[in-house]
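Quick one: the structure is below, questions incoming.
Residue numbering begins at 1 within each chain, and the chains themselves are lettered A, B, C and D in the order written.
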Amino acid sequence: MKIGYFPGCSLHSTGREFNESLRLFAPAIGLELEEIKDWNCCGATSAHATNHLLSIALPARSLALAEEQGMSEVLAPCAACYSRLRTASVELRENPSLQKEVSEVLERPIAATAEVRSISEVLSRMTADIRGAVVQPLAGLKLACYYGCLLVRPPKIASFEDSEMPTSLEGIVSACGAEAVHWDRKLDCCGGGMSLSRTGSVIRLGRSIVSDAQKAGAHAIVVACPMCHSNLDFRQRAMLKGQEGEVVPVLYITQIVGLALGLEPEKLGLRRHFVKTAPFIQRITTVPATAQEA
Amino acid sequence: MSTATAIENKSPASAGRFEPRIAAFVCNWCTYTGADLAGTSRVQMMPNVRMVRLPCTGRIDTAFIIKAFERGADGVIVSGCHPGDCHYSEGNYHARRRFAMFKELMNFMGIDERRVTFSWVSASEGRKWGDVVDETIERVRALGPFDDYKTLLEETP
Amino acid sequence: MNELRQLARKLLADKTVGVVIGYEEGQGAVTRPSFATSPEQAEKLVFDARCVQNLASYLSPRRSTVRSLGKPAVVVKACDAKALAGLIREAQVKREDVVVISVACGGVLADPRSGKALSEAMVADRCRDCDGAHTSLADHKVGQAKAPAFGSPKVDARLAELQAMTAPQRFAFFKSVFSECTRCNVCREVCPMCFCARCMADKSEPQWIESSPHLRGNFAWHMLRAMHLAGRCVGCNECERACPAGIPLSLITRKMQKVVSERFGYSPSDDPNVPAPTGAFRLDDAQEFIR
Amino acid sequence: MSRIGVFVCHCGENIARTVDTAAVAQECGKLPGVIHSVDYKYMCSDPGQLMVKQAIAEHKLTGVVVAACSPHMHEKTFRRATAGAGLNPFLCEMANVREHCSWIHESRTAATEKAIDATRMIVEKVKRNAPLSPIHIPVTRRALVIGGGIAGIQAALDIADGGREVVLVEKEPSIGGHMSQLSETFPTLDCSQCILTPRMVEAFQHPRIKLYTYSEVESVDGYIGNFKVTIRKKARSVDEANCNGCGACQAVCPNKKIPSEFDAGLGKRSAIYVPFPQAVPNIPVIDRERCSYFRAKAKGSTKVVCGKCAEACGKGAVHFDQQDTLVTEDVGAIVVATGYRLYDIGKDQDSELLKGYGEYGYGTVPDVIDGMQFERLASASGPTAGKILRPSDGKEPTSVVFLQCIGSRDPSKGIEYCSKICCMYVAKHTMLYKHKVHHGQATVFYMDIRAAGKGYDEFTRRAIEEDGARYVRGRVSRLYRDGEVIKILGFDTLSGEPIEMDADMVVLATAMRPQAGMAELAQKLSVSYDKHGFINEAHPKLRPVETNTAGVFVAGACQSPRDIPDSVAMASATASKILGLLSNEQLEREPTVARVDESTCSACFHCERVCAYGAVEHKDIRDRSGNLVRVVASVNKGVCQGCGTCLATCPSKSLELDGFTDAQIHAAIMAF
């Protein structure tokens, strides 16, 4: 399957491993990523809070480029990019006068024909391909799939699955042979962009998420958003200060798939995390024999 | 001097300004009553409108509008109850579809659609009725007499 | 052709129907409507690109002579099927009272008298956006359905030209075409959906539409005809084909078809159960033109 | 040739100040067919009316035009005067030269010109007016009440006490409705059953009330004064005439583990059952879906399974072979009082609009119950005998959290309206809880407290101030079970702080919705309903208990969320409307109705499709020997309301509207 690709800024910086891991395993499941040429900022930083037209026009430019480049679908792995691109696409389709206005601003036609997809949507569509490509089943691993906010909300924008009870990540994880644990905090807020401005809140929110994952017996938390990752990974030590229980590594869904496809943890970026992933990786490599039999 | 001549002489038309003739087709329950309210509230408006009262906008056949043009109207107002307010529940919804098609047809035929005002004026909107009337008159005045239609008969080759 | 004749023969022989309405050779290399009432007469049935007439119009209750021949089977093209569906939708024909023979039609000629072969240049405009599929109303299907491929209807380009004009230019245009109208009423007679027992144009007390062929009456006639057919016209263009004055009536019917489709999401359908947009409404119908 | 009289009124100075009334009279006198034209100071005064009457007699007038105020003001006056002079009142019309002319213009010339035009247009119209007579339709002087809840019972009792027969239809085995399930009622905390049961018995025993329980309305034909209603009496499997309600059958029924509908699923019942001890009538019914006898039969077994109830019945009243029966009743008026049901927060919904609550686990979290279930827990006749106990383990909850507006006021869940009663019953629940569990803490999450009503705000204050309910303004974003407790994540919008708390039990004040099948019922009655299925009233302010179909009235929560006093008030209002309607042998209606020209009708029935009242019927035209020639449209004068939408829709102009005929309108336009 060939799909337009919008990496966004995070996947070139703090979320490098999200990008790298995806690109690394994509060929193995027949996913061809065609990066939008000359894409620009999605506007998630502050545009959407300051100026509505700008908040639509910024992502619309990338969407218009995607259209020009003949893409019918665009994958935006970063949940914030996904949300902004999809918001623009939905609003442009609903509002012809906005479409006209944006088109004038961009000085290029925009029909918003390209469908914006999240990583969970694309991979859950390809679970059969993943299952077929697994060489290192993650049997015995318990994973807490964490959605956060933008991946499934608001329902009008992120309409692909039930926004109050999503299951796509669980499906992908099971295709990799792992067990998705039942837990209660998978839709809670991680603190989002407040990491620097209200660190206290982020730590409090993150603590409840990580503790709930611990309680559910998860060996790792699986995310699909660079912001969630940086909050839960980078701040976890602070979150668990004075708490009982082991740290819980935080992995991108793409890293999980990459591991199941037998790719090297080093290349998947697993060494770059703050919460050490080595013990987790250890678990995988010690179970393959039993898993293969099972 | 007969009264008729007296009227003629004092008519504003003689002051040189074009006074359009406007026919209004209105429903009994909302717009007619709204126009009554305009009267009791002494909302002043221009006197160019002649009104035909009908039970409901649902009763208003587009043939009425064509006939009004044939009879020399320079403009037409069609007005009834707001959606949801129809005394007969649904008459104005049916009328709305009919008017939408007619408006597009008129425009297509080259009849300036600004000559016809469609409006919803409720029984409590006496002020709005005055505005609709004055706006229509001013608009049609600016367009000038509807000679295109009035001369159709003579122009037939 | 044999398949069609065979079918007609059978239907007539076993008395399933009293008449098969189809086409036969007429004078001067054109075809004309045919009313076969015996198996022998079925032999004269033909079908090819010259068969332009909309035979559904013979099912209208106005055609009492045809009705007197007994239960009809009717040969329909995809376009005729929409008219038939319209007649069923509007209670003029009961579905069970007619046998529908759908013929595969690859498009018909704009002018059957031309004697030319069917081609991009010669095809009737309505065939250009036809999918050519057999109607779901068909009791019998004759021939393999195929979609004619002739590009988009030319009427749309002419509509766009008109739309680009100013209102006074359009008014002048219609004045010039309507000045040709003699009010011969052929457009009405040939229309499958004009089934009224008494046309409003013939009503004299009161007279909404002046009957003499002057421009004022002609404007009233053509506008009210457009209103009456809006949402009901199936786009068979028989009115335009039959008009001796060459008035481009399809411009008007096509325009109204577009209005109805854009505003109410309705396009002519061969499914009688699809409700027509007139006589219905939605609470949220657009009302941008209403103050 | 017409002989029209024109009467121009000065209305003191009101008209004459701006309009030259003498000139109007003079000009109109010149119109062809006008043989008498005068002006006068006050046409509506006795001398003015006398002028009209005398002119009719003296000049043998065939039509009267009064150029004066709005017809809404004095049309009746002048039509009465016209009739008084022996001329058909519908030959009189008014030209509005006051509200639409003298009062809104300053220029005397222009206003006079306009008044002349307006009068001329009406003169031309009146020339084509036809004498009309009011329509008389016979009335069946009985009423049907659909729904035997408190609204239906009240309506039936009031109508019956007023001297008219009532047919009361209830689809459940007993009347009583939701009110019979309630524990105590706000704002007085009196026992619901204590005030309801006497009413139920009264309705049952009333000599003028015919009660059909376990029955539904199958079809409705006819129109105001003349409805023919077919009622399906569902097979009870018990002979109502023979059963004495001893209860022996229930005692022997082996199938006793069926969730009781009456106890909102918290209690159990048998397959043959009386819904609750005070049921009226006290006659059991067999739930055929769950009865072993019928289940075996449905599976095709020829062996007789069970049948214990029949054996136990000393009166031989259990009849397994009973069938549904259809009965027909003639009535003149109908009350719809079908009540409500509650929003189900589950994933599967019966309407596309509704979304359910994934954030509350779609109703799968134990000890999260709805308001009606709490009523049953709090009710002395309930499954716990009035003790507040958790359904999952029977423990007494020490912390109960109540969530308001579940489904209500939340367009994203499909319902934007306020369910109106929840604020009050939640306050009541917190009090009942506190009264029964003294050490318990009630917490309420609310959006606003809507306690408008006599004694209502005082009641909610009492819940907070005396009974210590903790009210938190905010929503709960997520609920989940965490071991023994239910975790609640919410937000206090007053303090701006997120809230995380534990509860032993959660009560959801779920939205009030119309009963299932309302759209179908409304279609049978041809009354309009909104997208949620609530019946639309004819006018939201002035005709709140009528529907758009004459003779059909609406009471209680099937029109919009209603509490008990509202429902009872509506019910009594419908009763008074109906008693008024049924006080006549015949109904008289304005003759402004449509009629069909059968000679030109093409039977396309566009008119039928646009008629909001279902007034268009199919009429068979037959020849002398009775053979069907054709079918045409026909307007039922009893049903037609005279809007005229059918006229504008008729392609062949084969319809006319008396009072506003095409000829009349055409003439007015031609006089423009």
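Miscellaneous remarks
Just so we're on the same page, a residue touches a chain if its C-beta (ideal position, glycine included) is under 8 Å from a C-beta of that chain, and two chains touch if they have at least 3 such contacts.
The model shown is predicted, which means the values in this text are computed figures rather than measured ones.
Across the two interfaces under comparison, B-D and A-D, the one joined by more C-beta contacts turns out to be B-D.
Closest chain to the protein centre (all Cα atoms averaged), using per-chain Cα means: D.
With centres set at the average Cα position, the gap from chain A to chain B is 60 Å. Distance from the chain B centre to the chain D centre is 37 Å, each centre being the mean of its Cα atoms.
If you average the CA atoms of chain A and of chain D, the two centres end up 51 Å from each other.
Taking each chain's centre as the mean of its C-alpha atoms, chain C lies 45 Å from chain D. Within chain C, the positions touching two or more other chains are listed as 200, 208, 278-280. In chain A, no position touches at least two other chains. The residues of chain D that reach two or more other chains are 610, 649, 662, 666, listed in rising order.
Listed in rising order, the residues of chain D touching chain A in the complex are 357-359, 361-362, 412, 478, 480, 482, 487, 489, 500. Looking at the complex, you find that chain B touches chain C at residues 61-63, 66-67, 70, 83-84, 90, 93-94, 96-113, 117-120, 132, 135, 148-149, 152-153, 155-157.
Residues 155, 162-165, 184, 187-188, 208 of chain A touch chain D in their complex. Within the complex formed with chain B, the chain C residues making contact are 162-163, 165, 167-175, 179, 200, 208-210, 213-216, 219-220, 223-224, 226-227, 230-231, 252, 255-256, 259-260, 263-264, 277-283, 285-287, 289-291. If you check the complex, the residues on chain D that touch chain B are 20, 22-23, 26-27, 70-73, 96, 98-101, 103-114, 117-118, 121, 528, 536, 548, 592, 610, 612-613, 641-645, 647-649, 657, 660, 662, 665-666, 668-670, 672.
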